[in-house]
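Presented sequentially are two complexes of chain A, the first with chain B as partner and the second with chain C.
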Partner chain A sequence: MFWNLVKHELKHRSSEKDKNSSHKRYIKYIYLVVFLVIAFVFITKLALAGELDPTQIWNVLYGLPFALIGISRAIIKREQRCNTVGWWLSLPFRRQTLIWAKFLAAMWRSILTYLIIFVLGLVGFFYALLIDPKLQLHDIGNFLLTGANVGLIMIVIGPLVIALGMFIGILALTEYRYLVSLFWIGFWVVWALVISSYAEVIFHFIKHQYAAFPGVSFIAWLPCWIITYILIVFMSVLLERKLV
Partner chain B sequence: MNAIECKGLSKQFEKNFALQEAEVKIPENRIIGVLGPNGAGKSTFFRLLVGQIKSNTGEIHVLGQKPSWELNHQIAYLPDRARWYLDYSVEKTIEYGKNFLPGFQEDKAYDLADRMKLDASMMTASMSKGQEAKLMLILCMAREVPLVILDEPFAGIDMIAKEQIMETIIDLASEREQTILISTHEIAETEGLFDYVVFFKEGKVILSGDVEELRGQQGSLQSIYRELYR
Partner chain C sequence: MTNMLEFHKVKKSYGKRIAVNQLDISVRKGSCFGLLGPNGAGKSTMMKLISGIIQPDSGQIKVMGLDMKENIVKIQQKIGYVPQSITLYEELSAIDNLRFFGELAGVKGKELQDRIQDVLTKTGLSDRGKDEVRTYSGGMKRRINIAVALLHKPDLLILDEPTVGIDPQSRNLIFELIRTLHKQGMTIIYSTHYMEEVEALCDEIAIVDNGNVIAMGELDELLTKHTKPSVYIESAQICEQPKVPTATNVIEKGNGWVIETEELLPTIQYLTEIAAIQKLDVKKLEILHPSLEDVFLKLTGVSLRDV
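Our next item is the complex of A and B:
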């Protein structure tokens, strides 16, 4: 039964507003095309000038935590947007079961998002290979390892980021909903501080982290997953006692 | 025997009381109208019964137990202002019922869909509001459970759909031992449906009783309603 619940959560959801608004239905595709055009121009320009470090393509993955937080928040918010929150909350399951099902669905979507970016990155690399005389096929090894390392980091911190996104969504359903904007501001400030202060360190870590694996990853993995679990329990308590 | 008993029930949202010291007793195996204008506390009362929210004070007993997710195995609940998932067909909705809702009878659900002229392949996204309301009603009425709670099932739908829904409720109620709670403020069209009523006003129960007795004492439900809320 639990896996049926996860399957239910994996379905695409659109609201009445989305149904009636054709531009909203296609907006994500428009964003994707704009992003691909920018990436294409960027790669072409640098590759023709012989200045492209292909691992820079993975810089795009700095945006992944935002994508994950958006995916996970949306998986809660869509129940509100579609006016189905009453159905969701009256299902005869523990609150924690309901949250775990959404969490796993968000995890699956996040993995898919990462894989799509990985494949697009690979396409970018082969395109650069065609037009950049300095780039060689054997560079692909380093390129792939850098991309895979980001994936590894996502396995470590992804669940925590997803739980945070869901937490924001759940908070909006409770009597503490006034804290949502405060939480957002905090998230942006922390992220901006981390990136502005440690961007080079993080990127260096991403590029060379496979040498240190598995020790470093394991140290980070355990606390991240423990905090994720605590957040999930906390969310179920909020749903149980503080709904409005 | 009472299906629901509440004593001193209060629920406060920020500074407003949705329910204030409400005393409610609802007999079992009847069709009960929970009546009152918007903001009277009907939906809050229902949400307390299914354990979606907790009361600030008071006691609730539903089917002899305190509200909980376990008790929802025995309650079919249609939430207020609910819509159904747009990407579900009638068939998928029935599958949802079979997968997640205890006591859900697949055959009964197809039977009801047939009666309400909902084709199995029809998608929610292409339905009218009345058809969607019928589909959600199927999810509740195809369940063999002792308590059914329908929060404003007639809101915003046309007269023909309303009549079909009422006929279905009456037919099913006569086949089963089920307590059916229905909230509405559309008394004129639904008066014939109820055999027991509870009137809410400003978070309190101001009148409740057997419909026949109330009619005998005070006239039609519509005139009682006018009198109470004027």
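Our next item is the complex of A and C:
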């Protein structure tokens, strides 16, 4: 029965509002096309000038934490959008089970998103290989390793980011919904500080040194998953006691 | 066990606003219980408490003798909840929707197939079962939503304003279905702000206002307790409040007068005699049958339709 619940979360359930609004249905595809066109232009320009470092393609993965927050928040938000919060919570499962089902569905979607980016990155690499005379096939090893490193980091911190996104979604359903805007302000401030101060350090670490210290991921893995678990328990308590 | 549902001093607040205040309710097993009240009266909060969606701040809720806090999953397995909004996959057929939600409720295989056919027949949609839900009217979707709630044969069916925005045909079919389920012994809790629906379907009624149950009981009991029979007289020549010896109260209504009385026939007789003696041109002289609207008006001072 639990897997039926996960399956339920993975099914697309659009609201009447969305169905009546055709531009909303297609907007994500428009964003994707715009993104691909921009990426294509950049790769072409840099490759023709012989200035392309293919590992820079993975810079796009900086956006992944935002995508994960968006995916996980959306999986809660859709209950609100479809007016089904009450129905969802009347399902004969413990609150924590309901949240775990959504968490796993969000994890699955996040892995798919990463894999799609990974494949698109590979396509970008092979395209650059065709037009950049300096680029060699054996560069693919370093390229793949950098992409995989980021993947490994996502496995470590992904669950925490997803739980955080879900937490924001659930907070909006409770008496503490006024804290949501405060969270976003804090989130953007922290993110801006990190990027402005440490972006190069982080990317240098990912690209050159991370592979040499895979143990780092194992050290980070445990606290991340423990915090994720605590957040999920906390979410279920919020849903039990503070739902509006 | 005679009570399906019991509320003991249940209180629920949202911040400083008290949504439900020290509520005591008991719903008999097998009854069709109507929760009637204007929007914002606290009906939705009560429905959420009954279906285990929210927990009370204080007090105790028991369903089938089980404490809600300790047995929430067990209780929810025995409840069929029909929310106000439609919760179906538009791109799937009704049968596929029922199969999916049936599996979520733990019904499988042949038993599930049989139940799907059964609920489709009950909701009058067996000939449309293979069609995608998006091709259905609002009323048909609502009926499938009810069918979903019936799949696991619940002991308690909770319907939250199930007739809002649907066509008269679907409304009648839903009424028929509720009557059939009630006759079969299912306990039903029906929330609405339409008093006609409660009068037509429910054998027990709770009138809710400002988070309190202001009256509860069987329809006749409520009418007898909170209203008095009355006579309405309309004549252009009666400009001042008429003096009727048998009247307990006289109220101006529209172009005429409502005369509340314990003695209907003597009052009519008196009015007829007066009209004959004074040669009044009487446009209307009729007995008014009290309704829940009158009960609400009596208890709150405002009309249910005006709130």
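One rule holds for everything that comes next: the second predicted complex is superposed on the first by the 240 of 244 C-alpha atoms of A that agree within 3 Å, B and C clash if a C-alpha of one lies under 4 Å from a C-alpha of the other, contacts with A are read in each partner's own complex, and residues count from 1 in each chain.
Here, a contact is a pair of C-beta atoms (placed from the backbone, for glycine too) under 8 Å apart; a residue touches a chain by one contact, two chains touch by 3 or more.
Being a predicted model, the structure only gives us computed values, none of them experimental.
On the superposed chain A, the positions of chain B and chain C overlap enough to count as a clash. Judged by the touch definition given at the top, the superposed model places A:K11 against both chain B and chain C. Judged by the touch definition given at the top, the superposed model places A:Q80 against neither chain B nor chain C. Look at A:Q96: by the touch rule set out above, it reaches neither chain B nor chain C.
By the touch criterion defined above, A:T174 lies against neither chain B nor chain C after alignment on the C-alpha atoms of chain A. In the superposed model, A:L243 makes contact with both chain B and chain C. Among the listed stretches 242-250, 260-268 or 296-304 of chain C, only 296-304 clashes with chain B once the two complexes are superposed.
Residues common to the contacts of chain A with chain B and with chain C across the two structures: 1, 4-5, 8, 11-14, 16, 19, 82-87, 89-94, 175, 241, 243-244.
Those residues of chain A lying in contact with chain B across their complex are 1, 4-5, 8, 11-16, 19, 82-87, 89-95, 175, 241, 243-244.
Interface residues of chain A, counted against chain C in their complex, comprise 1, 4-5, 8, 11-14, 16, 19, 82-87, 89-94, 175, 240-241, 243-244. Contacts from chain B toward chain A in the complex involve residues 13-14, 50, 52-54, 69-70, 72-73, 75, 77, 79-87, 96, 99-102, 125. By the touch criterion given at the top, residues 14-15, 48, 51-55, 72-73, 76-77, 79, 81, 83-87, 89-91, 100, 103-106, 134, 160 of chain C touch chain A in their complex.
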